[in-house]
Amino acid sequence: MQIHQEEIVALNKDLLVEHKEKLTQLSRKHSNLEDIIDTISNYNIAIPSWALGAGGTRFGKFGFGGEPSTLEQKLEDISVINALTKSANAVSLHIPWDIPKNTNAIKEKATHLGLHFDAMNSNTFQDQDNQEYSYKFGSLCHTDKNVRDQAVAHNKAVIDYGIALGSKSLTVWLADGSNFPGQLNFRRAFENTLASLKEIYAHLPADWKLFIEYKPYEPNFYSMVIQDWGTSHMLAKDLGEQAYTLVDLGHHLPNTNIEHIVATLMTRGMLGGFHFNDSKYGDDDLSVGVMKPYQLFLIFNELVFGMENNPANNPIPAWMIDASHNLKDPLEDLIQSIEAIETAYAKALLIDQKALEEAQLKNDVVTAQRILQDAFNTDVKTILAEARLRNDGAIDPISAYRSLDVRNVLIKERGMNSKATGL
Amino acid sequence: MQIHQEEIVALNKDLLVEHKEKLTQLSRKHSNLEDIIDTISNYNIAIPSWALGAGGTRFGKFGFGGEPSTLEQKLEDISVINALTKSANAVSLHIPWDIPKNTNAIKEKATHLGLHFDAMNSNTFQDQDNQEYSYKFGSLCHTDKNVRDQAVAHNKAVIDYGIALGSKSLTVWLADGSNFPGQLNFRRAFENTLASLKEIYAHLPADWKLFIEYKPYEPNFYSMVIQDWGTSHMLAKDLGEQAYTLVDLGHHLPNTNIEHIVATLMTRGMLGGFHFNDSKYGDDDLSVGVMKPYQLFLIFNELVFGMENNPANNPIPAWMIDASHNLKDPLEDLIQSIEAIETAYAKALLIDQKALEEAQLKNDVVTAQRILQDAFNTDVKTILAEARLRNDGAIDPISAYRSLDVRNVLIKERGMNSKATGL
Amino acid sequence: MQIHQEEIVALNKDLLVEHKEKLTQLSRKHSNLEDIIDTISNYNIAIPSWALGAGGTRFGKFGFGGEPSTLEQKLEDISVINALTKSANAVSLHIPWDIPKNTNAIKEKATHLGLHFDAMNSNTFQDQDNQEYSYKFGSLCHTDKNVRDQAVAHNKAVIDYGIALGSKSLTVWLADGSNFPGQLNFRRAFENTLASLKEIYAHLPADWKLFIEYKPYEPNFYSMVIQDWGTSHMLAKDLGEQAYTLVDLGHHLPNTNIEHIVATLMTRGMLGGFHFNDSKYGDDDLSVGVMKPYQLFLIFNELVFGMENNPANNPIPAWMIDASHNLKDPLEDLIQSIEAIETAYAKALLIDQKALEEAQLKNDVVTAQRILQDAFNTDVKTILAEARLRNDGAIDPISAYRSLDVRNVLIKERGMNSKATGL
Amino acid sequence: MQIHQEEIVALNKDLLVEHKEKLTQLSRKHSNLEDIIDTISNYNIAIPSWALGAGGTRFGKFGFGGEPSTLEQKLEDISVINALTKSANAVSLHIPWDIPKNTNAIKEKATHLGLHFDAMNSNTFQDQDNQEYSYKFGSLCHTDKNVRDQAVAHNKAVIDYGIALGSKSLTVWLADGSNFPGQLNFRRAFENTLASLKEIYAHLPADWKLFIEYKPYEPNFYSMVIQDWGTSHMLAKDLGEQAYTLVDLGHHLPNTNIEHIVATLMTRGMLGGFHFNDSKYGDDDLSVGVMKPYQLFLIFNELVFGMENNPANNPIPAWMIDASHNLKDPLEDLIQSIEAIETAYAKALLIDQKALEEAQLKNDVVTAQRILQDAFNTDVKTILAEARLRNDGAIDPISAYRSLDVRNVLIKERGMNSKATGL
């Protein structure tokens, strides 16, 4: 399925007058409105190839109809999101869930749909059929060199797929760790992991980046080899200039000040990637912005500051949504996620950085708080709508999605029982 | 597979002299040693029928060989554990994972193996094939009466199975809740749940108990209808005298003082059941005692006090192990779990309650702490071994299990790829 | 110091035109705007008498100038806040920090300032000079009846002060608990507490309410006698119809779903009082709304629903700000707190309850989320300003406060080193 | 007050026979017992000069009699602990709470008492009388260079005191941070802190070490400049080879795997110091070992491994007890703390490292768990007693302390109302 430009134009028509009125009002208040609209309209977030199917928990999964069962269908789903939001022009591929049988054909298909390939993702946390060694007790950290070699080879293969597809980065997320005290020697696990990563790093083309994700727990419940940003940063520094830390919002202990971590990494030019989701308890992988929209705003405050004040040359982070769609139609959920991200981003752009700095230098805490809250409390729906509109997207993407009856069209195309690969 | 008495006797032989020597030493120090051995030797913990297969996380599962694929085989696995530990003479059945095709035959098989049926478990957190309505958005709390009726009927059917098997209680664990603010009306969900429970309660035979489990999150990540003991207690009080709260160690927010909850419930005679496991982060379902053995000891301190001082007539709680065996052979893990539970229990029995009360009344905190720590620091391996020995169990169950090469025997019997039902 | 009506009128003058324009725009969008303005303009939150001085941590306190050193001065400070916000017409008195020497005179002074006396607060968590027995090891739960009697007598005395001042409720917050396992017998502590509360309850006039606060930890770090809402609720039910649970936002374990607790209590008509503050880690007592404004909004969503749908006759809760002003001028901080509370309240009032119910009944999660987020993302500054304006308050209270140079006036009056009683 | 050798000998007399009997039994089981006793008998933990008085919380403090009111008396208190435990031969001084008026005299006094000076502690988290600039908004991170200069000068002065007293290290703990989003620019705060630390580092004698402590929150409740080990490690690497990270057990977010952090730091030779305490909720500063003795054991497992396998030349960490004595007599509490630390240490020394490594290499999780638990469940009281005995300490220090009626002697000497400096 593909959404045609005329359909969107038709749906926008009824909303246009009211939208333009609001925009006029807004532009009177905010002198930098054009810049903000511009920034938002140029912003894109990658969609992972595993996000288009039903997510689940260890207690089970509830399917829905019309899931994409091929990589081609997944690209089509992303193009639906992109057509409506104009902010999802990239896919982040997972190997082996989405091995392209014919890389050229897939690349062409993506290009045709206006999509490209963002960071590649490897998987050494599950055993695949016909795999020689098991990852039950780890992969890059494993005590058995055979297992480590197999995991390294897999990562190299993922890089190779990425090269063929035009990707420029590899994200390594390791489930490696232990469930029981004593199971693992922490030092040996760390050193094995570092040595394995060095081999992978050596395979990286010169214009690629390596992103090292961290996570304090799950699926291992006592220790994770890369438990925090400090460990990821240590590994990245050891590897070399192409290695960076990747922050996933759900991968933190309760109450962690994530925006502070973001600031520290950007101060050193070490923030490579960003995975969006939200959570109340653990790595809940809920749609970003549903639990802690103010925290998301504070994180974007740091991102905006870091990108605008960048002596350490931090690259623009690779943005990706990494949530699990257990109850909602994934396409609707992803559209809501994109809106939440851009809402936070636009609000952060509204912060009067000069006034903020002044208040900070005087330790005028009341004013500093007020500046942030005023920006946060501003309604930016119109800014987002305008940013989409200028790219021929939908003023109201969720309503458009429903008006176009996308899910039912997909069900008709693919049936009620199609299954996407993934968790 | 079944372990024969002679095999255990033979394995105990070499350990007997040293064991008896240690016992003599210990008996000199502790005047109430016989009572403690007696209590431990009479103690049994139910094994759930789903615990004999490989557990997993949402990121996957790593199988192992010889998993039981029928209920009969599961009973045999439990009898292996029981033969070695003499503390696992009951099974807690899960419906529909383990529906007995012929209840009489199963009951006979269990009796023959020296096992009986403890609390029954219903399941309304997953959809089964051919199920008319989906539990995707809840069961007893659902907005649609059809779904609630189906869930109520299922629970009644589980009671009926239990009656046929000689069980005397039903455990209701609800996954009902919501992932997103706004998804659920809390009040409606609570009232629907209460009304549904009342129907189930009405189906309960007069000599049965109903256990209401609580959990703050997972598989729902914003709200759970029965989020804490306060809610469970409220529901149980509304239902009537046969309803109780069930405590699962993993179902608490970070840092919860669980022993305090246990004490409060026992003060009111409302603690009906207990699920053992351990965790560091969330509902990790690790083997009990591997993370917080001191907490387990403190909980047993309250249980011992509550059972010995019982004006509110709290029943002896239904004990069950409820862990997930992701990395270890489940039988070995269950044996280690039983040892951990009995270790905590025996240490709690060593507490000098009179001296403790004296110290408490004087607010002599240093002494009170010391009394607890002295009991905790006592090595009770010999007590446990003697308790097993008196029941013809193994002095060292794990070593016996390995000496008898149980897993390989099971693999020979059942093959490498047999699969147990469950999560 | 007192702020005169003309001063506020003068300050509002410049803001009036723009304000009215925004109001007109808003009223076009929201048909129930008048109702919302009305509700907000009738809303008041009590200020505790200890909140006007510098707060601190165990690591110290940083003073500021012009602190009120008498109860009279504290009332004047509150009247300043009230003059600007028109939402702080009550004081919540703490005994013994603020014992009125002459109750009649104080009552008159308050009336003159347009203030009245909300819930009274007792203190059995500190020792006062010339106190016979120490609360080091607890008060209402103490093992020594002399201590319990002293604490009960203190609470009765607080009620008597309240009667004289026209208050209608007593808030009991207990620090009682233990720092070390073994220190306390949980059951004895619970029963002593219940017996003590019964004596206090018996002293309550017929038109009074008793609020029982709960807290999981601090100042005791192992157990607190009233650790959670379940315990508070149990005690309140035992006491009788005048007893209720009080929720303090900071008194919860990490990740607690507080709005769910609020809903449960209101379903049963048991929510008596509410203490506002915010926190990221523990009972941080930061200004409400600075960390989790969305959570505050979700709580108000439940409060609004509970007050509008009230078969169990839950009373209107007693509202109080209970924060610690470590870095900010307390008056500014309290003004910001009031704004944050009313922001959340106004946004919750904007929720389309009918549409929400419809979405919930259909399990249309996407729409339910959207309804809440749309309300939350609406800018309600103008609503709040209009609500103040109609009561002759300030359009922009913080700016007015600064324009009037209140703090410096107070410093001139009271000096740089005056000290308020309190923590 | 001082305890005389004869007094201890007399008290040991009655316990000697039973003790020697137990020792003989133990030596039969553990072939390396002599080595363990040796290690424990050579082990010492520094006592901070502020630990001898009553601790408290922000809700108040409950005093007790006989508190030391001078540095000399504090040294005497430590010598009492040391006489009984023979494991507390050093004091860790806090400036300005314990500025020695005459460094030579104090040094002599300490030497005479068998004590020396361990790590020095600076304080820039409180304002002292007559201090020019306030630390209300930070010290080394402050936006105002005058404040930073003052804080740097203070740290240099502390180093100078330390040089005079024979200390060899400085511990820097910073309360610097913020309570409100927006208050602080994270990057500026980090860079100011680094620049300030560089100045302090430059003042360090060549044979000194600098320990950088980290803490996620408190007394600031939004952000702390050095929030985690990753930040501390980053700063230490920037400073140079004399800078290290210091781990305080209470300074972690809920559920942190601290032993893993310890292992990582030792792998890189970066663990400089260690502060012992215990907690259930936050930085509760309870006596070490009262909440999570198994975690303490696991930490010591890493410490033992790290000290025995040390290619990165990690120095022996500076050990210090850093708890708050709110309810117990500090001397008794410190004695219990020392016992808890040495208990964990001795149990960790009992771990069969070779067997553990073997199990790890085979991923035999069951055996690895068992090896750790067997060591942990061994009763090591006798080992500790023997280690003390060989140094002429008390077999049972707490009982000895009470038999000697130390507290009452101190009260007689110093009165009921003496006050120690500190929090």
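All chains are identified by letter, namely A, B, C and D, in their written order; residue positions are counted from 1 within each chain.
Methods note: a contact is a pair of C-beta atoms (placed from the backbone, for glycine too) under 8 Å apart; a residue touches a chain by one contact, two chains touch by 3 or more.
By chain, with names taken from UniProt: A, B, C, D = Sugar isomerase.
Keep in mind that what you see is a predicted model, and the values were worked out from it rather than measured.
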Shared interface partners, meaning chains that touch subunit A and subunit B: C, D
C-D compared against A-D, more contacting pairs: A-D
Copies subunit B and subunit C touch via same or different residues, half shared test: same
Inter-chain centre distance, subunit C versus subunit D - centres from mean C-alpha coordinates, in Å: 40
Gap in Å, rounded to a whole number, between the CA centres of subunit D and subunit A: 42
Multi-chain contact sites of subunit D, meaning residues that touch two or more partners: 136-137, 179-181, 183, 216-217, 222, 254-255, 257, 280-281, 287, 290-291, 294, 327, 365, 369
Residue numbers on subunit B that touch subunit A, as the complex places them: 56-60, 62, 125-127, 134-137, 175, 179-181, 183, 216-219, 221-222, 254, 279-282, 284, 286-287, 290-291, 326-327, 423
Footprint of subunit D on subunit B - complex, ascending: 25, 254-255, 257, 280-281, 287, 289-294, 327-329, 332-333, 336, 340, 343, 365-366, 369-370, 373, 376-381, 398
For the subunit C and subunit B complex, residues of the former touching the latter: 136-137, 143, 179-188, 190-191, 216-217, 222-223, 227-231, 233-234, 253-257, 259-260, 263-264, 266-268, 294, 298, 301-302, 305-306, 309, 356-357, 359-361, 363, 365, 368-369, 371-372
